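Each structure below appears as structure tokens.
Look for chain A in each of the two complexes below; its partner is chain B in the first and chain C in the second.
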Partner chain A sequence: MNPSLKLLTVLLASLEISFTYNTAANLLIVVTASIYLISHRIRWRALMWLLVVPLIPAVGLFTTIYFFGAHQLATAVALFTRMYAYVFAGAAFTLTTSPLVLAHSLEQNCHLPSKFAYGTLAAFNMLPKIKTTILTIKNAAAMRGVTLSWWSPRLYFKAILVAITWSENLAQAMISHGFVEGQPRSTYSVVRVTASDIGWTIGLLVLLQAPIVWAGLH
Partner chain B sequence: MAPIKIDHLTFQYDQQPPTLTDLTLTIPAGQLSLLVGPSGCGKSTLLKLMAGLYPTFGGQLLHGHVDVATDQQIGFMFQDPDQQFTLDTVRHELIFSLENLQVAPDEIDRRVQQALRFCHIEPLADRQFSTLSGGEKQKCALAIMIAMDSHIFLLDEPFASVDPQSRKQLLDQLAVLRDQYHKTIIITDHDLSGYDTLVDQIYQFNPQRQVRQLATEQRHTLLASYHQQAHVPVALPGATDHEVIHLQSLTLARGTRSLLTAADFSLYAHKLTLITGHNGIGKSTLFTALVRMFAYQGTITLDGTDIQAIRKKKYWQQIALVFQESAHQFIDITVAEELALSKQHRLTDYFSDQKIDQALTQLGLDGMDERVVYSLSEGQQKKLQILTMLIISPAILLLDEPLKGLDRQSINQVFQLLHESCQAQHQTAIIISHQLTDLATWVDYHVVFDQHHLQYAEVL
Partner chain C sequence: MHQDKKLHVRDIILLALIGIIFGAIFMGTDFIYNALTVVLTPIGLAPMANDLMMGLWIMAGPLAGFMLRLPGTAFLGEFLAAVGEMFFGGQWGAATLISGVVQGVAAELGFTLTGYKYYNWVTLGLSTITSTVLTFAWDMFKNGYSAFHLQLLIILFIARLISIFIFGGVFVKLITNLLNRAHVLVAR
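Moving on to the complex of A and B:
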């Protein structure tokens, strides 16, 4: 499916369920997302994780609402399943979309300025390095006798400083690789929006209305 | 092709004395030129001005101009191989660069293949940059410049984290680019070994930031002084040496790739030991394992005690790593604050105020007290970092590429300081370095890291 349309579908669906307390709609999203993930051959372990990780916040929400709030089982269940709907919808997008293809799609299909598309991509590629750098800064300070705790502002001041230097170096590197803001670029891999992409987007969103409308009628 | 003309150029960074003053220079086209001079003299600045990166990215052009023919594509290779790629793999980055130049898709395929083949890096095409060594990354950077059909190749200390073998391969390719494709190549470098048959012009910056073009005679003299005194004999550890760090059935691996297996290996106390080996072989990883920042299998002991049994904080007072990235080891803002912080945490009083002042002068860092550490040049940052670590005076110092970005004079001054401190306080120093010029004078032992093994060598 076209990455931009996939993102749109996930965002719209998530937005809609955040305004409704509809367990059936939530479950529909979880089931659809699961089918999609399985069709993309996601590992079973990853699927198990998706079930386990939201359990704590979901149970937290449930108990808060059911035992300490309105004591309405339907609302509590809706909130419990909504947590899973968010996680599965998000996973259906992130686990099946490469950031590069998304950037291409946003650039070509949504006409997002390429500066944002590639700037974000460069930042995304830097994330693992930022993580190791923070650890390095922490240990490097320790060897000078200074303990920087995980909540130390100094540590994050340093991390931000490093990120600023990197972003400037990256900007220089992008320019030296021929990137000019606002200048047209040729397209090596074309990301298309097919009729079936649009069909699926509309179809899935219409399907989601079914339980919501049905609940409204009863 | 037109030469690059620099005409009465004056350039300064914010609130600092001008980095370049009234500089006039003509760099011929189709030749390989070297810009040499002490760290912080303005070589990189000049290169970035030619590339048009400055003043866009900082500083002010107060006077004069740089003339580069506008129809000539300029390629730039940065000192830090890690910070020059936008995308994740070599192929993606090549395609990105060619898309920027609006090259048609089928032409992109052809150019990508050609560039990969020229640099002999076809097997690397779909590898993630994060899995490549410094030398491999610089080869990719060169491939991108070639794919972009650059006319002018600007290389800013490109070999700082590249092993000698990869360096030679890169230099050979640059020679081909000049000889067969008439490209203009301008390199800044501190280590002038291996340039004898390659270089056409040398421009020397002096500490007063004046630049002169060396005459043929002077050029030969300068290059000759860098001739590797190949295979200088180095002593092997003797029976009287006292072992300080011992590796017992140690295995280091990154993912599924094995880096090191050391059945039984010792490093000796009160000695200056140099570890050399190819890029990406695992030297830095060995250091991070020694300071317990990297998980390993087997046993590492310090004076007979398993290092895992020592509290980390206490352990790091005995053994400290001088990290490759100088900036990561700074904690405060100004030079004076960094020095004060080190004095506060020092373990011995060897570095008195007077001695620190002396060291600052020696390293050319005097009068910089109020400078923000991050505004110092790469080389100045390195020297300050080493000094702050020396002031703390742990019993064992691990130095990971401490000579990166340092000119020859600075290298000798850093070693002078390190040597004096080690002698006076019976410290142990273990050093990783690619840059070997002049090192034979200072090191006691030489360890070669090759094919997953560590071994003492009789030569350097």
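Moving on to the complex of A and C:
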């Protein structure tokens, strides 16, 4: 499926269930997302992990509403399942889409300015280096007997100084490779929007309306 | 940094990097959120973990706004942090993006209210208030806060205000003070 349309579907579905207390709609999203993930041959362990991740906050929210709040089982269950719907819908997107393909799709299909598509991509590709740099900063401080933790402004300060240097270097590197802001670009990998992409987007969103309309009628 | 009032690819890379740095540092704090939730659940205050942690999650926005001093940078800083979180280890997936938009707009509003002219405590104070109000309004729907008692809502609101003030206000100011002393922040 086209990455931009997939993202749009997931966002609209997540947004809609945020404003409705509908257990059936939430479960429909969980099931649909599971089928999609299984059809993409996601590992079972990853799927099981998705069941564990939202458990603590979901149970917390449930008990607060059911035992300490309005005592409405329907509301509490709807919020409990909604947490799962968010996580499964999100995973259906992130576990099957790479940032690179999304950037290409947003640039070509949604006319996102190339400076955003490639600038963000350049930064995201630095993630492993950022992790090691933060570790380096911490270790360098530890060697001088200074402990830098997540509540030390100095850790952020040092990391940001590195980021400023990197952003300048990366931008220079991109420009020297022929990147020009706001100029039309040719593409080596073309991302298309097919009729079936649009069909799936509309079809899935219409399907989601079924339990919500049903609940409205009863 | 540089003088003209337009975002260039360098600024966009920097904004995304800031978001990722915060994400990478906070990756180890997920257990605090889960631990807080577990501790607060038996006394019926589980959602408070969300409010207490909110300050940490919104830090990238005000910091970016304070650093780059251009309209839209606070929003982009926060939003790109959410995009990064969505792809790398965020558990909430696409809902993160929606929260990122809400938090980004909230942080940006504080700067908009000053007309992008002042960068001091007033700006961070305004950003704290707009962030608290807007993210709280969003949680009325997203986390079902509208089903809570008024008394609980007031407690949660105050917890969130304090958290955002400490991290999105005081903490950001401490970081920008250091950046200021290093002369990497240039007034536009």
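Following the convention adopted for this analysis, the second predicted complex is superposed on the first by the 218 of 218 C-alpha atoms of A that agree within 3 Å, B and C clash if a C-alpha of one lies under 4 Å from a C-alpha of the other, contacts with A are read in each partner's own complex, and residues count from 1 in each chain.
The working rule: a contact is a pair of C-beta atoms (placed from the backbone, for glycine too) under 8 Å apart; a residue touches a chain by one contact, two chains touch by 3 or more.
Remember, predicted model here, so these are calculated numbers, not experimental data.
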{"item": "Clash or fit, chain B versus chain C on superposed chain A", "value": "fit"}
{"item": "First (chain B), second (chain C), both or neither touched by A:Arg154", "value": "both"}
{"item": "Superposed model, angle subtended at chain A by chain C and chain B (C-alpha, nearest 10 degrees)", "value": "80"}
{"item": "Contacts of A:Ala74 with chain B and chain C, given as first, second, both or neither", "value": "neither"}
{"item": "Which partner, chain B or chain C, touches more chain A residues", "value": "C"}
{"item": "Chain B versus chain C as contact partner of A:Glu181, first or second or both or neither", "value": "second"}
{"item": "Partner chain(s) touched by A:Leu51 [first = chain B, second = chain C, both, neither]", "value": "neither"}
{"item": "Which of chain B and chain C A:Leu127 touches, first, second, both or neither", "value": "second"}
{"item": "Which superposed partner A:Val87 touches (first chain B, second chain C, both, neither)", "value": "second"}
{"item": "Touching partner for A:Glu168 - first (chain B), second (chain C), both, neither", "value": "both"}
{"item": "First, second, both or neither for A:Met143, with chain B first and chain C second", "value": "first"}
{"item": "Chain B versus chain C as contact partner of A:Leu100, first or second or both or neither", "value": "first"}
{"item": "Least C-alpha distance (whole Å) that remains between chain C and chain B when both complexes are overlaid", "value": "5"}
{"item": "Footprint overlap on chain A, comparing chain B with chain C", "value": "118, 122, 154, 161, 166, 168, 170-171, 174-175, 179"}
{"item": "Footprint of chain B on chain A - complex, ascending", "value": "100, 118, 121-122, 125, 128-129, 133, 135-137, 139-148, 154, 158, 161-162, 165-166, 168-180, 183-189"}
{"item": "Chain A-touching residues of chain C, taken from the complex the two chains share", "value": "1, 7-22, 24-26, 28-29, 33-34, 37-38, 40-42, 44-47, 49-50, 63, 67, 80, 83-84, 86-88, 90-98, 141-144, 147-149, 152, 171, 174-175, 177-179, 182, 184"}
{"item": "Interfacial residue positions of chain A with respect to chain C in the complex", "value": "7, 10-11, 14-15, 18-19, 21, 53-54, 56-57, 59-61, 63-65, 67-70, 72, 75, 78-79, 82, 86-91, 93-94, 99, 115-116, 118-120, 122-124, 126-127, 130-131, 134, 150-151, 153-157, 159-161, 163-164, 166-168, 170-171, 174-175, 179, 181"}
{"item": "Chain B residues within the chain A interface of the complex", "value": "48, 51, 53, 56-57, 73-76, 78, 80, 82-88, 92-93, 95-105, 108, 129-130, 144, 148, 291, 293, 312-313, 316-317, 320-321, 323, 325, 327-331, 341-342, 344-345, 374, 388-389, 392, 394"}
